[in-house]
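Chain naming follows the written order as A, B, C, D, E and F, and within any one chain the residues start at number 1.
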Amino acid sequence: MTIAILVMLGIGATCGIILSVASKVFYVYEDPRIAEVEYFMAGANCGGCGFAGCGSAAVGVVEGKTGPSVCVVAGLEAATNIATVMGVDPGTAEPLKSLNACSGGDRADDKFIYNGADTCAAMTALYGGQRVCSIGCMGKGDCVKSCQFDAIHMGPQGFPVIDEFKCVGCGACETACPKGLLSVKTMSQRLLVFNQEDHALAPCQQTCPAEIDIPKYIRLIKEGDYEGAVNTIRERNPLLLSCGRVCPHPCEEYCRRGLEDESVSINQLKRFVADYEMNSGRRFPIACAPDTGKRVAVIGGGPAGVSCAYFLRRLGHHPTIYDAMPKLGGITRYGIPEYRLPDDVLDWEIEGILNLGIDVNYDTCIGKDFTIQSLRDEGYDAVFMGIGAWKDYTLGIKGEDLKGVSQGINFLSTVASHPEKTIPVGKRAAVVGGGNSAIDCVRTLLRLGCEKVYIVYRRTRKEMPANEVEIVASEHEGINFQFLAAPTRVIDDGQGNVKGLEYLQMELGEPDASGRRRPVPIEGSETILDVDMVISAISQQPDIGFMEGEPDKENITITRWNTFDNDPETLQCSVPYLFTGGDVATGPSLVVDAIGGGRRAARAIHQYITGEEITGTPRSLRSRHIPESLFEVVPGVIKSPRTPMPELPVAQRITSMSEVDLVISEADAAHESNRCLNCCRICYDPDQKKAQDQNAA
Amino acid sequence: MRKRSFFGLSGPRFNYELATAAVGDPVAIPIPETVTLYIKQELKRTSSILKVGTPVKTGQRLVLDEGSEICTISSVTGTICAIAPFLADYGRAWTAVSIKTEGKDTADTEFAGASEPPSLDTLNRYLAACPGEPNIGPLMDERNPVHTIVITGGNSDLLIDTSLYVLKNNADAVNSGIEILRKTTGIEEIVIVVPEESVQNYSGHLDARIQAVSSRYPYAQPLMVLHHLTGRLPDERGMAPMGVCLIRAEAVAAIGQAFSTGRLPVEKTITVIDKNGVKHLARARVGTPVGNLLKTFGVEINDRDKIIFGGPMTGSAIFSEDLPIGPDTDAILVQDKSVIPLYSDYPCINCGDCVRICPANVPVNMLVRFLEAGQYADGADLYDLYACIECGLCSYVCSSRIPIYQYIKLAKYELDRIISAEEMNEQ
Amino acid sequence: MEYIEIIIATIFVNNILLAQFLGNCPFLGTSKKMETAVGMAMAVIFVLVMAGVMTWLIFNYLLLPNKLVFLRTIAFILVIASLVQFVEMFLKKSIPALYAGLGIFLPLITTNCAVFGVCVLNIDKELGFLPALVTSFGYAAGFGLALIIFAGLRERILIARVPKPLQDTSIALITAGVISLSFYAFRGMV
Amino acid sequence: MNSKKMLIVSHAPFWHDGSGIPERSYHTIIAALPAAFVGIAYYGAPALGVISLAVASAILWELLLNYAGKRPITVGNGNAALIGLLTAMVLPASAPWWLVLIGTFLAIIIGIQIFGGIGANPFNPVALAIAILMVSYKSHLDFDTALVNFTLDFPSTTDPLAALKAFGPAAVEDLNPVDLFMGRQVGGLGSSCGLALALGGIYLMLRGIIRWEISIAFIAGVFISAMLFNMADPVRYAPPMFHLLTGYTLIGAFFLATESSSSPVNFIPMLVYGALGGVMAVLIRNIGVYVDGVIFAILLINLINPLVDKIRPKAIGKVA
Amino acid sequence: MGEMIKMVMVLTILSVISGGGLKGLEEWAKPKIENNVMNLVKGPAIRQILEAADNDPVEDRFKIKDGDQELNIFVGVFGGKADTVVVESSANGFADKVGMVVAINMTDDTLRGMAVTTHKETPGLGAMAKDDPNFSAQFAGKNITDSFGVTNDGGQISALSGATITSRAVCSGINQAVDTYNRLKPQLQEQIKGMGN
Amino acid sequence: MAKSIASEFTKGLWKEVPPFRLVLGLCPVLGVTTSMKNGIGMGLATTFVLLCSNILVSLLRKVIPAKVRIACFIIIIATFVIVVEQMMQAFAYTLFLDLGVFIPLIVVNCIVLGRAEAFASKNGVVKSTADGLGIGLGFTWALGLLGAVRELIGTGSLKGDVFGLIHWDVPNIFGASFEPFGFAVQAPGAFVILGLLLCAMNLIPSK
């Protein structure tokens, strides 16, 4: 026993002493990270990684020759730790995922028959490849071959399909694709993608102000993946319930099916999935990037502000909304009547967004409770200005100060702020204007018990800027239209109340710069409309009275339309920390424009507060279209009727504020989504081929 | 197409065409209704100068933007009818300018005013897009001075007569071109490389040193000539550091002609080889659609045929009859679908035919495996990618029918991209 | 003559990797590139000879006289580990050039069964000092030879169109199997 | 767009010499057939059975793996049939059906397919299969035991190499080289007739399908090393001609060592490769444990093929 | 410096604990192991070569000093006469040492038999030394005055095919056993006297 | 917590089972698996060492200085290897003879040292126990499987026992006329069969 102990003592002590002395004597400086990385490796020096031992592997990691998951023995946990040492994203919080832009594949036409090396790269080297579409997938699968993780396979349509669960975001496919169709992006980067000329975009997506990937969400609806569809919309538009109800859907104008048949009812499909989520009883989870600790003040809780705050939050920042009203929603709540967008729907939607971790200060008004400067002083890294356009233009005629004369937005918001909806209204009312808010006013008046309601508009029905559906609906509800009528004065009953509205009859003259024919008054055609209430709803402008008290007002430039001067690409104002969006940036516009603006501003703010260079989107496609994607004819379409929008019967709806437009059924949604041609830039799935495939099957 | 001989011990032997008396005079091709010219520059949205409807004259210099060096020379008189981006081989983004011709051919006078005295700038400005595409760029590169100008008198591929024909019949123009080059560049060392069997046709007639090379393919390939003269081949940095500038005989003739007449030449001599292998010589305006030439010689094109710009070993197949001939198109080769060899998806079986035929001693069998696997850098480091002189003989003999030459070109192109991307990153 | 026989036996006939199955992990790990394989082969030869000598001395002069044969596992591994670490540190500081070519492979050797296994085999066979030295060298050279051959083959296999489930380790093992089979050729030659 | 003609676009060159893998395979089969016919003539129906089964099963294995791996069907290139034929030719005529099946399985699947199909195999598939069979089923591949039930009209009814191994050169010295060359000896059913094999080999060399350097170097390697052994001790080691004409020497030299994907392509490496194979074959026969060393010798040279093939002429224009 | 001391200390203490513990374990296990070796390895082999013996040779064993080594000697009783001793021996084989037992008839100095006990030879080749009865049978009855060797080296033992090394090892092992026997013969005779009966 | 311990245990059984998923510790895998019995015996021996060393390393992880930790781990592992060696000689001597030099070689098995360094030196005792046991048992079944396959193909039968506790004897599974494929139990066969098994494992997803 003793000898054994002594021998071991000798060996142990000798080894220990030699090693510890040697470690001092032969000390060589190394990057300290090498030791840290090595600490997390298995230390078995097994060589399983292909490096000469753990030390070499650690050097490899530090020198960037290999990734953090190099050690096969130590497993996942060690990989995470090593990634932390290296400052590489460990791939848990914001995983990089590969994304395929082309959804054309086989259906895109060929320009020649290719014979040669079986790789996309080689094929692309010959006259840009065989596809006519300049960004079409070649389908030879260079990306499939490049993927070490078996996450890409060639789909049945001849373009690669990515398995998001297997994808680790290594970026091999991105480099492999000669056409640059695959891009590896984090969720944040994906949220901030804006349409560009060289993107694979369907005409509808090019048109959408919020740039929603419409073909994708319709495809997902077709496949029954409603959650996927909702998430697709949410990547671009947080207010899908509201937009599903109030959006005038410019996208449908550009629907390729519309050229041969009726266009796909895109907005109803959006509303269908949005309502599906609301009625399913659970909120589909929304992922947010890891916290960055940056704070942003968002002034105004309307669609622009909410959208901006939502995207900032998903990018990991901390937005705080300041709103003058007791509830968020801005114009969508206070300017759009209950029967179009019910309050509880809006509440549900906004709650979901605020649940992501957005703080709100209600009833705090800029100019009174705070200034832009005070927010800066509070330590916000950037400020978003989204107060909208709430100041109505006045008619500028005599008698506007009479009792019974009010202004559109003012009127609508008063109605909206009284939940019991018992606003005293006159018996006969005239609303001046032809826009959506005029229609909203008349239809609201009707519901509030007004007996006879006129719309007074100085041009004809054809020129009315309001949505066609709205006009039709108000016609159904029995609104009287007084076209080609220019109000000249409000008539006093002698006690300061309205007795009537005098207007001048007009006729259409030569077209003006906007292409509309200019109304020309007919001399001596004054007519009096017998009303006791007049609402002017001609247009609005931002109310920027608070700027008077703003300390930094010298530097903040205001345009002559009372909007904040900004770079239209980045929405940055004349002071670098201030960004803007929505009506206050553009003048009165669509809700969906404001949402798009909020996202654009969020991108610029993100760049600003993370210290990046603030850039616009290169080759941006804002309000432009890719010429080659606009067709004259669309061969292969078999006519199929568009799903009509279900509505409440007229008798029911004019007696209450309940919602007029109803949601389509699941079967109708399936039908409607099947009508989609699943367009890409220049290719699409013709119905004829679908029918053939079905027959064949 | 030449098949393998029954006894496989000896490799195939190809010889270049030697301009013989049998080659007749070129057939003049009428001026087409529209010509299309390429400006070798990407079209960014719109051009600031050229618009649809702009009138142009023959010999007018066309550029996309003010001050741009890259130009083309209008070969006809007419009006511009279309400007579109064009994607050439290996991702080169060009701009195609189509001109609708008018009845009368009016010559532009800008060059006549600028041609005296001849200078490198003038050459670069007006002649870079002339028939034969003189390679002026390297002569202007001050960081990498050129010490030798090599005029490749031989044809760059089999079956083609163009170059030697020009050299033989335009000796005067070539001589004055050489003189211009001497004068403008100050380079004394100008070498004309011709196949050895034809040396006696030229020696004494031409005002430069005549260097004979074997008339066996691929000894007149540009890279092979370069190796013959310098003992080296360009590496991944390209030709620039080698101090040698290669110019085709036709380009030299064009230079000579331009300065002696004061008008920019706009006609190109082309060898047309039809489906039966019959050769015709033609002269056509640069930019004439291929279809016009083929129609003149009664060549019918069907689906799945192949039209090739250039010769059978190094040419480039095109996808439409409407594509125009360029200033560098020496030949048009048409193949019927019944004779087109198809590539297959077999891997290399290591038969070694390629290695034995390779004039550059490239270990093609290993190289192609690495290239197929996409390991371009390893291929260059371990298996002499840059020793390849791009003759295409390996693909010609490959039993597995691997498009080896395509892989090699692709690898060089991809490596080039990687290197330039890295340089971008470093900056 | 005896030593030549030992060398042939240890390199070819009784190859440590292919017949004795020792040292397989680095065999698979370091054979992907020829450069690595050569470095590893050199490092193994270097260390194995040193370790063979050290362990032989320890066993015959320390353990055997004290009847502590059972402690050889712990004693050997400790000695080998310390030796390797010491040499590594020494090279890194004193001969950086050698370290870059050979030293970086040293850590792989601590847990290389081949090194430890050969030391144990030497003792088990009760070899004398010189035969033990030659045997160690022979085994190490055999290891290097197999590694270099394997790396040569593997360079080609790595770029071949091996079916997906067989790629990498799986096909490498099968190749190693065939190499091992080929070495049957040397059977009975000594 | 549709009215346009669809032209074929490919990269240069636009000519091809017309050679292809199927041609190579079929010509090699043609070259191997005479030797196979000699085997059938000597051993009768069983030999024919082994050959047909081997060829059929080889094709079947490849077909199965093509389907399993969802890869293009490659049996049309004749390579599987060739491998099957060669496998049969080295087996004894008495090989039971299952042995043939296992043999072709090993050759096609382990030998070629799992490495990625034709061209990817680092080892000669036939040599690999036979080597595995040799170490697994010794008795079936020992010609003396295997062919015990055959009545053969040969000068000696024992395997000459086995006799040499067991009893030394004295036991085989009265064997006539002409008889051996004509295939009148016990051995693999298609590998004993030197004449037929040499004819086939010369045909392949002339066609350029196999490289003459390898075959000649192999034969020279066998001859010279056998001669040296014989000179050193004629009592223990047989003369070179004997080694050349017995066993698998000639089939190895012409058909196995020359298999393209496991052999070098450069001149010097081919000579080294072939010669080393010949020397190893004689070494194993003379001092190793196996009766015939050709199979293992070929596997061994396959191993060093990637290494020796690195010896090659300098590429042009290369500075270093 | 403190850290260095700690390093050395920890290493040393661990070594010491390990060494001490293991020694204890070894002492406890030693008899068991010896017993195992006797019963499981040598026993069967010895019983096999001395199948005809009247006694159980494994029971009847004794130890004898040879220099500073202790050797196990087993005794076989034939026809009531203890005339056979079994000596252990080993030699280097192909992979590792080949252990064997050699039975020697003391009356006429011939081999009564031998058997391989432990080896790590290749299955099918070297391992046949243990498994192939024809091989070991060659030795029975040979006179120990001859040196044993394989035919290749000019001896009389035909080697196992493909396992010349193993065959050589067996021969040299027997030669060693014979040496030992010759050296210890007087003591052995002394010991076995009185055994049997 | 309970769930994570369970997952530490089960990951070794399937998701990270050496040597199929973590291609490590190959020497014993190839060397001793000529039969199922040997495979399981070797696996259990390794499991014992793995378990004990994991526990001890985990207990001592705060005491051991970082610079000499590898040396210390090696001492700990080597000690347990000797324990196994002695115990096996005392209680399963025939198995010890079959496994031969591979028992002391457990000390250089990458898996053992690797788990000690990568897991036990950074985790608590309970987790380390679960990890050691899981990986060890995973190793055991992998070795057993490989042994069984080789024994079956190479001899046509399965026969053996584990420390005399469980016996199995399945003769002539493929019928009496089966001629065993001797390659399987020889050295090269070990590589090839392990390679093919790995391929089979790759076909089964790890989730």
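Note that in this section contacts are C-beta pairs under 8 Å (C-beta built on N, C-alpha and C of every residue); 3 or more make two chains touch, one makes a residue touch a chain.
Quick caveat: nothing in here was measured; it's all calculated off a predicted structure.
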item	value
Minimum number of chain-to-chain touching steps separating chain C from chain F	1
Both-way neighbours, i.e. chains that touch chain F and touch chain B	A, C, D
By count of C-beta pairs in contact, the leading pair of chains	B-D
Whole-Å gap between the CA centroids of chain A and chain E	87
Separation of mean Cα positions, chain C and chain A [Å, integer]	63
Distance from the mean Cα position of chain F to that of chain A, given in whole angstrom	56
Between chain D and chain E, centroid-to-centroid distance (C-alpha), Å	47
Touching two or more other chains - residues of chain E	7, 10-11, 14-15, 18-19, 22-23, 26, 96, 122, 125, 162-164
In chain C, residues with contacts to at least two other chains	19-20, 25, 28, 68, 70-71, 74, 78, 81-82, 85, 110-111, 121, 124, 156, 160-161, 164, 166, 171, 174, 178, 181, 184, 187-188
Junction residues of chain B, two or more chains touched	304, 316-320, 340, 343, 345, 347, 366, 372, 403, 406, 409
Touching residues (chain side chain E, partner chain A) in the complex	4, 7-16, 18-20, 22-24, 27
Of all residues in chain A, those that touch chain D in their complex	109-110, 112-117, 122, 126-127, 130, 132
Partner chain C, residues of chain F touching it in the complex	23-28, 30-31, 70-71, 74-75, 78-79, 81-82, 85-86, 101, 104-105, 107-110, 113, 187-192, 194-196, 198-200, 202-203
Of all residues in chain A, those that touch chain B in their complex	111-113, 115-119, 121-122, 124-128, 134, 142, 145-146, 176, 178
Chain E contact footprint on chain F (complex, rising order)	34, 63-65, 67-68, 71-72, 75-76, 78-79, 82-83, 86-87, 89-91, 93-94, 97, 100-101, 182, 185-187
